[in-house]
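Dropping a structure here in structure tokens format, bear with me for questions.
A, B and C are the chain letters, set down in written order, and residue numbers restart from 1 in every chain.
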Amino acid sequence: MRASDGAATAGTAVNWMRNVWYVAGFEHELDGVPWVARRFLGVSAIMLKTAAGEVSALEDVCPHRLLPLSAGRRHGDELQCGYHGLRFAADGTCLEAPGQPSPPARAHVRRLPLLARHGLLWIWLGDPALARPELVPDMRWNRDPQWTPSRGYHHVQADYRLCMDNLMDLGHESWVHRRTIGQGDEECIPRYPVTVSVAGEGLVRAHREMPNIEPPPFFAMVLDHHGRINRWQTAIAMAPSLCMTDFGVYPVQASPDDAFRSHVLHLLTPETEHTTHYFWAVARNRKLDDADLTEAMRRATEHTFDEDAAVLSLQQQQLQRYGGAVPGVALRVDEAPIRTRRALEALIRREAQEPGFCFVPPPMVDDATPTLAMAA
Amino acid sequence: MRASDGAATAGTAVNWMRNVWYVAGFEHELDGVPWVARRFLGVSAIMLKTAAGEVSALEDVCPHRLLPLSAGRRHGDELQCGYHGLRFAADGTCLEAPGQPSPPARAHVRRLPLLARHGLLWIWLGDPALARPELVPDMRWNRDPQWTPSRGYHHVQADYRLCMDNLMDLGHESWVHRRTIGQGDEECIPRYPVTVSVAGEGLVRAHREMPNIEPPPFFAMVLDHHGRINRWQTAIAMAPSLCMTDFGVYPVQASPDDAFRSHVLHLLTPETEHTTHYFWAVARNRKLDDADLTEAMRRATEHTFDEDAAVLSLQQQQLQRYGGAVPGVALRVDEAPIRTRRALEALIRREAQEPGFCFVPPPMVDDATPTLAMAA
Amino acid sequence: MRASDGAATAGTAVNWMRNVWYVAGFEHELDGVPWVARRFLGVSAIMLKTAAGEVSALEDVCPHRLLPLSAGRRHGDELQCGYHGLRFAADGTCLEAPGQPSPPARAHVRRLPLLARHGLLWIWLGDPALARPELVPDMRWNRDPQWTPSRGYHHVQADYRLCMDNLMDLGHESWVHRRTIGQGDEECIPRYPVTVSVAGEGLVRAHREMPNIEPPPFFAMVLDHHGRINRWQTAIAMAPSLCMTDFGVYPVQASPDDAFRSHVLHLLTPETEHTTHYFWAVARNRKLDDADLTEAMRRATEHTFDEDAAVLSLQQQQLQRYGGAVPGVALRVDEAPIRTRRALEALIRREAQEPGFCFVPPPMVDDATPTLAMAA
């Protein structure tokens, strides 16, 4: 009866991997509210934290007359449908159907594996038998005493793969972000060469160094320094939909070991074929207790990603109108996005062809200062 | 040329009966206005009352360039199109086409049989040759000196059959209507047994008695009594889309003959496949001249049906998303809704298979006090 | 990759001619703004005036990631995409792709022939090899020292052919425009006979004379005369989508040579299958320097065409609901609209069947005072 069961329907184009953990939100979102209801890969989920502190998710639909459970009530750790009062345990078992001694055997709700790790919620939409906790990617920078995060969320009106294209393409900053992290035509970022490498199955890196540049507004702000700087930038994509921008900036006179560095976590999860949840955390390695800086970086990042979201939504509309491949004509800046798509498509194929296959996410980044050509 | 002609198109799933009278509104709605325009079974109708007091309906579309007649003007009992001034008599005949001596023979508008009975308007969307006035169901309680009605209307964003499911299911009160006519988990209405009977072709009854209960807020209000009460409730459905809730409440010390009794008329008419006109009248047998009570009951009923309309709209959205049968898993509370659907489907089949067949609506209820088990 | 290339797709119903010049706007619209972006025949165009005063149009889509160029920036006569900074010359050549020595060969934008004539912009959506300037229709009254125009624009939510039907039908004035140029039932315009003639390939005229009538409000205003008048009216349609209403009014005692005369230019261009650009200019032959009259005529015309736009939008909605031919039943007032449609359909067929065929637009009107029956 359901539109989106565990296995992909034969003959349907599959746009996403299934047997992976996707980010479902920040763990703290479940505190102090009865639940959070959200859609992932087209499946509506209701997520809650039990009195014992466990997190749990069910498909957000009553098996009786299809009302969303999120239109009902919570009693302790149980959910009660708002139409006929059916009660469900956190594992989806129907505990009571008012008006009869016991509920029908088929009146259970599909449980969706959910766990909390690194301050994030991770949900599994694929075969639950394969949902091993050790397959959760390492995103420790979201909650690590050595790093302070500025966190946020954007709902993007675009296919998650357009979002990944955007994050892996180090060429759009100068135009989309000219008022925040880019520099416009004067000091054109795309002119600095990018080295793209496939760092393992499902893992792509694009690295660039910009020695001795005028700091764009965002970097002048975080460094509290208006003289010329060195800047590096590594965009990392890992299947199915996690990206990280590892950047470092430091005055030209300083050492890269003293760099203000950040791991910008871009935690994408498809909501539907044309919309994406974009959870993000900008984790920095300096001024860890500076709450004003945390908030200033949050605001600046939010504004920067607003610029991306506007472009991505336009691009999605154009794609739906014109159809065809993306990009229509490939440029050099597309090398990393194209390699990222190929890595993803290879894993989507493996998932379809190898029963029981699960992608094991490799580490995305090394915390040691990278070896830089510009420092030599 | 028209989307919805008299006969159903071959190969299309038919969701409703055609050769029956549907409620098109309250008769008083036509007083003091040029017309009322409304859609029934997908057909747009314009209804008016002539100077002689006759009611009349036409399809609301000019045969020339398709403008709705309701975008034009009324002159006496004639309708004039607002684009080229064609004038139509109340029977759909074109009386004048400006610019030519006489109108073309084909320039007539389809007349839709309409009549007034029991203070209601009744419209016939099927074969006009079969539209006999004696087939109008008996809904006299809407205008009867022994009963005082509180009337209203809801536009429901759901298939009329979901509305009927809701009205015939005596199990949702405790949750949907916990603040009005239900009682929540404390005194759970579904625990009282329901007796379902098929009372004739197209006629289903579900009866329940609740002796010695705390009165829900609505019943305490109408009885002006806060002690424990006896309550009975009979939900009656008659094809194609009329329901009635016959209820009685009285203090436990009193006799059922003294009960405050009501026939709640639920007069449903499909507007489109996914929307329903819901005209209603709560006719009571006590305090007939108490205008404050009439208004208080109107307000309370409006609020109660608001609760249903919200649930039904959600359910319709979920059905369009998930598809499948209704209910997905059947409970005991579904016995009456399921029997009601079967009775309707049987009549839809008879209509399709027996040319000239018309359903003759039986009486829905007996005004005598019912024989009650709880009174014995 | 594109939805709307130069040639019509085989098997698709073609609703419009392609190898003709369509009005794209007023020339002055390009002054003082970076560009005007507008859709024609389903194709999005961006139009600009270069520093040298030339007009130029490109398809409004970047070949890289499909962003509209109108979401980017203009530098001198070049357009720069707002996503990755690609720069395009006014002829669509890609001049620069940041991050690489030279742009890919395929990274050009489709140029759309555009020229300025008679104060109007004319765009060619068909085969550019056929776009000869001498095929531009004569619309000199929009900018002619002997005529003073009042200009405006309506965006109409209807197929352009419904707009032409409306303009060629001299029967709707009495009802749609009863408050502006019509007279209602009292002095019913359709009763005056209309002479319809096919004046050449793609050219239809409908002429009517109304001697000795009460002046409708608009004509009383322009004449500044409240006594009875003579009025003539010639509606002219020329394929693919240009109409003109040539009218003259004068006091019954005066000579037609002294008439207040106007060529009302109705410059229609399909935006999509269901929406139309309606540029208009009411050019008059009297009181040429009266700026107050120019503005009063603009306001009155705007109000009159608002009335048409409302009716046309309703008719379009009804057509999409009911389908079928237009008109559903033909009246005498439909003679000119039907002949106009036939003339258009014949040319659409010629275009499909004769490769290289281009319609040569004949003159629409003669400025000499027409020979009038009512003057005799």
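To be clear about the criterion, a contact is a pair of C-beta atoms (placed from the backbone, for glycine too) under 8 Å apart; a residue touches a chain by one contact, two chains touch by 3 or more.
On a predicted model such as this, the values are computed, not experimentally measured, just so you know.
Excluding subunit B, the assembly's touch network remains one piece. Both copies, subunit A and subunit B, contribute mostly unmatched positions to the interface they share, with under half of the numbers common to the two.
Annotation: 50 Å between the Cα-based centres of subunit A and subunit B. Across the assembly, subunit A contributes no residue that touches 2 or more other chains.
Those residues of subunit A whose C-beta lies close enough to touch subunit C in the complex are 165, 169, 171-172, 174-176, 185, 188, 190-191, 194, 311, 314-315, 318-319, 321-333. By the touch rule above, subunit A contacts subunit B in their complex via residues 1-3, 61, 63-68, 71-72, 80-86, 97-100, 103-104, 106-107.
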